[in-house]
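Think of it as A, B, C and D in the order they're written, each chain with its own count starting at 1.
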Amino acid sequence: MTKVIGSVVCTICGCLCDDLEVTVENNEIIKMKNGCAVCEAKMVHGYKSEERILKPHIRKNGKLVPVTIDEAIHEAAQILTDAKYPLLFGWTSSASETQHVGVELAEELGSALDNCCSVCHGPSVMATQEIGIPTATLGQIRHRADLIIYWACNPWSSHPRHVERYTAFTEGRFEKSEFKEYVQKLKAKASQKKVAAAIRRTQVRYQSPSRPKSALVEAPPQTLAKEGRKMVVFDVMKTMTAEVADYFVQVEPNRDYEIFGALRCLVNDQELDVDTVGGVPVDYLKEIADVMVNAEFGAIFFGLGLTQSIGRFRNVELAIALTRDLNRKTKFVVSPMRGHFNVTGANTVFAWQTGYPFALDFSQGYPQYNPGEFTAIDLLRRGDNDATLVISADPGAHFPKGALQNMLKYPLITINPDWNAISRLGDVVFPTQWCGIEQAGTAYRMDSVAITLKKVVEAPKGVPSDEEIVRRILEEVRVIKAKKTATDAADGNVSQEMVGSKKRRSKSIEKEMY
Amino acid sequence: MVEQKLSVTLITGRTIDQGVGKELGKGSSEYFDSVAVCFLDPVDIKKLGLKNGANVQVTSPYGSVVVKVKKYTHGTMSGMVFMPCGLWANVICGTDTDSIGMPTFRGFTVEVEPAPDKPVLTLDELLKQEFGK
Amino acid sequence: MITITPKRAFTVQIQATCINVDVFTGKTIQDIKNLPITEGKETITLNDAFNITENKTVETPNITLTGDFSKVKRIGQGMKTGEIVINGDVGMHTGEKLSGGKIIVNGNSGGWTGSEMKKGLIEVHGNSGDYTASPYRGTSTGMRGGLIIVYGNVGTDVGCYMQGGLIRINGSAGRYLGYHMLGGTIYVEKDCAIRVGACMTGGKIIINGTVELLMPTFTVDSIKPKVKIDATQTAQGPFYVFLGDIAERGTGKIFALKATNPTCSSYEKYL
Amino acid sequence: MTEILIKNGFVFDPINKIDCQKMDIAIKDGKIVKKVSESNAKIIDVSGLTVMAGGVDIHSHIAGSEVNLGRLIRPDDHVKDVVKKTALTRSGTGYSIPTTYVTGYRYSKMGYTTVMNPSMAAMKAKHAHEELNDIPLIDKASFTLLGDWWFALENIAKGDFKECARLVAWMIRSTRSYAIKIVNPGGLESWGFGRNVHSLDDEVPNFCLTPRDIIIGMAKVNTMLNMPHTIHLHTNNLGVPGNYKTTIDTMRALESVYQGDKPIGHITHIQFSSFAGDNWAHFKSGAEEIANYLNAHNHMTVDIGQITFADTTTMTADGPFEFALYELGGHNKWVNSDVETESSGGIIPFHFKRKNAVNAIQWSIGLELSLLIKDPWKWFMTTDHPNGGPFFHYPRVFAWLYSRKAREATLKNCNKKAQKKSLLPSIDREYTLYELAIVTRAGTAKALGLKNKGHLGIGADADVSIYNINPETTDIANTYKSVRKAFGNAVYTIKDGEIVVKDAEIVATPSGRTMWLDVQTKEPCRINDEMKRKFKEYWTIEFDNYPVTDHYIKVPEKISIKASV
């Protein structure tokens, strides 16, 4: 039986494109329309790959063996209650309903709670806490923006439909005409040959192929003078996005902060005492500042190039400060290019329950927040926690080695749909449904608009949703805690913590035994 | 002149192939092909006397990993090496966060040298080597 | 004097706000032993984790900590009077919101040492961590007064939003020294990493070593032969004097020693 | 369900004209009933205590995208006010924007049982409802921002009010909301390109209409739809010196729509719209003019938005106002958040200080209005939480109302210039508990059209608050401090017949209900292809994914109304 389901939401990146058309046959997705390459890889192929986990596993004698769900839940709850200071990490590829239960679990455990935001756009959130943020929903940019700046990000690769759905290649109410032609031109070229090759050829006109390292076009940037929407890219290297842009500025690595500073001065009509900033001549920056000030509505999108290079949240802070300054002259907005499809949701859900978006600690009975103190990487780097639960994330592939090594000294529980790197390393491994394919829920787009994810196919038999797993762990933790209190009360044992710590299973000892 | 080693700035980031590979599965060949690589400027590849697709060893203060080298064709990036996000890149990333939770993923100096005799490890081999699991 | 030593090595964080002269004052040794602290999620007593002894013959320092306290946080938080000496490394938030008294660390101290400090003295004989003397996230009122002396190096983001007082660093300083500074003085004996004084609107930063790279948003003002650190001390120059951060329309001053900063000579043409 | 009998309390129930009468209140199955049998019922003896219906807050930003962004940017605010987990209650933080659970607990401790969340961008409605689900102990409803919605603007410009009404009905249903909220009409659309409108007759760029058209049009639509509440209006020029003229213009404009029966419009946080003087240096109160107008006319209600002198977080959908506020200087954070085709928003942390002349005058304006408007059924007590101050400062505001002494004590510490300009020393009025019950529950419930709230008559929801105030023996004006304390710490709060607060401690945490209107138009709303096509053009969300589904409302209370179009 074949059915076609419309308005399906893609669960890859923060764009949350919700116009997918999915064809389902015999409880299997066989075809998809409108999605990008990454989306197709997941929704048509990836979700049903052989790498799927179908049963809970527990590591016994160094090997992962299948167990019942009840056993795995109990084992996980026991590990978490025995630990003095567990860390719950991940959450960003789960629906907000799951994240919601996650906060309750962390509160019950008195543990640390962090989401993937801390290794992607955590700094953006921190910058917001320092100076706020002038931003807008993506449609506002689509309707109004005549200047679009992508700074240190590469949507072509990381958010493939961002340009086409929300910015330069869309039709808005107040911004149209010019661009349709441009897109059609590109499409015509793309149909003849591969897109990449075609775009490259169209760009050759503007840039000489053998440029020096400072990497700036010698000719004045004629495309900046063009009518209609303009797209400018700032990056350390020329990416695919840079190739479709009207103007590309190559900056030296780790010098974005200085350039933002310089642009702020120029926007405020101040003179600089230097000739080049971050490898870019001040004269070029002046022209860019002019274009910014003369825009009707400008938008800056920034990516991990700012949050992961030196300066981190300070880079973002200055990007926001620049936007703020520009608002005195025209209208400007700035927005982070959030990665995982529901990382914004994790921030949102955590914030309404605790007041803080990530890097949380419940050890004092109330929420505490401090990136650098309670962020996953810092806790792991210092070896501050003694058990970890990872849910819907793959720190196995995305954490630096040193942090992982410390994580693996203690028991590790994982909740993921497939055998990704962290599942392979887990001690208690749960299978779970693919959120947005086999499980409905809510996700927040990068501009914090909530969108309902659809359930398109049934999950394999016996594979629970992550919400159910977390909820059951929470219930089991409460049962174990209640029992412990009861026994302690019966023994009249005052120093229950000491007993707990003796009972605590140290994995290193286990290892030696085997 | 062929050089033995090249000191370059490491940039990590997303590529569309890495995105596709990741969604197809971390154990898939697409993932391996798209992530266990590094991109260098053709000029730099020449400097090392290498061919596209040769094995190179990338070493940072935090670790060292063998990957395949590829030419970066979109524009000049001499003095930089680009690695797609993933386990191979993270083996050489540091845990220093400047106290804000974000580790050192990019923008630091690494050394790239030819490694014709060393194999590029698969995901499982790499996990075994680094974490013993 | 109360002496505290760890009973064992700690894995998880210990929050010990109670290690504070104000809290100990007027308590018997037994009371002190029963003060609650948290180890990870578990609430224990001071005695569970530490050996505590009293020496009634010695008055100052009031509290001596000996051993590895690097996982112990918030020692001397908000303290008003008295003296704590730590022989060993100490964890984060030491002397946070200090409003009097003295804390001496004979070792390294963690991040947020002397955060939002108002009065008093903190001396660190080793290195001090990131965000020393800087306020909590999202707060724009930093150190208001008092003195912090670090004999080693300091990490990044030291003296953010500083409004008064003096930070004296005898080693080198990390990035974003004196970020968004409004007043007060920071003195660095050795080198200083990039983005020193970014967004500062007041106060002064004196660098006796090399400045890695000055923000483009600073403009050269003059060359001065010497500069006052505080009422009693003066740094000998000559110094380049930079004004900024002009992006914030600030009037903060960075004094960079001429002898160690030849790269700044390009600014001389504007003088 | 348990039966409860509240015995021997002094009951204040203005809707039923009960003023300090010693009587019993019987509760059964969550409703007030005539009587219950004393043998079955749980008997609460409240001799010497004050009994009122549960408080009804007409305007308090407690949930939604804007509110949460405010929470997110203020770790410095949360760290001052932390709430520990208990066996029954969840942990959380305050201060100016408490987390969801803490919001519920604190409202309940003050004896409030119903709260209106007055500003919800339609596109972000799902978020608001997700948060509202997490606020326990109170009933709530949201108002959708519709004053700058492109569909509405286009139809009003065309003069097609019927079509506009049907669209609004569709929107109210799709966002599960309760009323029409209009914020700086025309101004938010202008702000899309960084501009604003400055009078009722400025043209809104690109749309060929004026703020006056929008206000009158929406008031007509509101009448056509038979909405229980009036339009909920945040005026143009809010926060600008001299804006009292715009406010009076706005009220005058609405006279034409008034049919002589019930009020036609509600101006919210009117304190921020009652400024006189040409600029900030000559800033003064326009309260007298506004109060005089309101005393002479019956077609409007207002709420105050009282300042309480707190380090708070201002937030409004009025993006251009927040930017103007930011430009005044002294703020370290500014958030702007535009919503495509609908609205905008802004947030600034703001510390209202006694020693600041403008802030102190604003404080005075709020109280002058409260005391000069003669009929308490025309105005309601709010702080526009968190804009004027957090909601848990309400008891302070009560004290200023019922005690001249309390006002004087605060005024004494205010800026000298402000003291000279204040009208307060010339006003003797002191509110009685009866009047206080009107401005905090009876009047608000009436203005909102909530028939089962705000009173203790038979059939009403069993939402009751009991305070430790003995009206017979207490001189509330003189002992204002203890009375203030009593209002902040209810002896009992009963929600739907369940005791949720006892002696200012939470003893049960039921979820409150979310009320929403199912506006039934005579002609079913035409979701035709034209509208679907426009949807794709106007929004970045698909038509099918736009409406809020039942999944997002934990305990719904659907209220069906019949529209006349």
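One rule holds for everything that comes next: contacts are C-beta pairs under 8 Å (C-beta built on N, C-alpha and C of every residue); 3 or more make two chains touch, one makes a residue touch a chain.
Predicted model only: the values in this text are computed from it and were never measured.
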Subject >> Winner on C-beta contact pairs when A-C is weighed against B-C >> reply: A-C
Subject >> subunit A and subunit C: spacing of chain centres that average the CA atoms, whole Å >> reply: 34
Subject >> Length of the line joining the C-alpha centres of subunit B and subunit C, rounded to whole Å >> reply: 39
**OP:** Please report how many Å separate the Cα centroid of subunit B from that of subunit D, as a whole number.
**Re:** 57
**OP:** Return the distance between the CA-based centres of subunit A and subunit B, expressed in whole Å.
**Re:** 21
**OP:** Give the residues of subunit D that touch two or more other chains, as numbers and ranges in rising order.
**Re:** 73-75, 79, 332-333
**OP:** Could you list the positions in subunit C whose residues touch two or more of the other chains?
**Re:** 111, 130-131, 136-138, 140, 175
**OP:** Could you tell me which residues belong to subunit A and also touch two or more other chains?
**Re:** 126, 129-130, 310, 362, 364, 369, 371-373
Original post:
Name the touching chain pairs, please: which are they?
Top reply: A-B, A-C, A-D, B-C, C-D
Subject >> Contacting residues of subunit A [partner subunit B, same complex] >> reply: 12, 37-38, 41-42, 45-46, 49-51, 114, 118-119, 122-123, 126, 154, 156-158, 160, 200, 211, 213, 215, 236-240, 242-243, 248, 250, 253-254, 304-305, 307-310, 312-313, 358-359, 371-373, 375-378, 380-381, 394, 396-405, 408, 418-421, 424-425
Subject >> Contact set on subunit B toward subunit C in their complex >> reply: 98-99
Original post:
Once bound in the complex, which stretches of subunit C touch subunit D?
Top reply: 135-140
Subject >> In the complex with subunit A, residue positions of subunit D that touch it >> reply: 63, 65, 68-69, 71-75, 78-79, 82-85, 90-93, 97, 99-101, 123-124, 126-127, 130-131, 134, 150, 191-194, 206, 323, 327, 332-341, 344, 347-348, 537-545, 549, 551-552
**OP:** Would you mind writing out the residues of subunit B in touch with subunit A in their complex?
**Re:** 9, 11-16, 18-28, 30, 62-63, 72, 74-80, 82, 85-87, 90-107, 123-124, 127, 130-131, 133
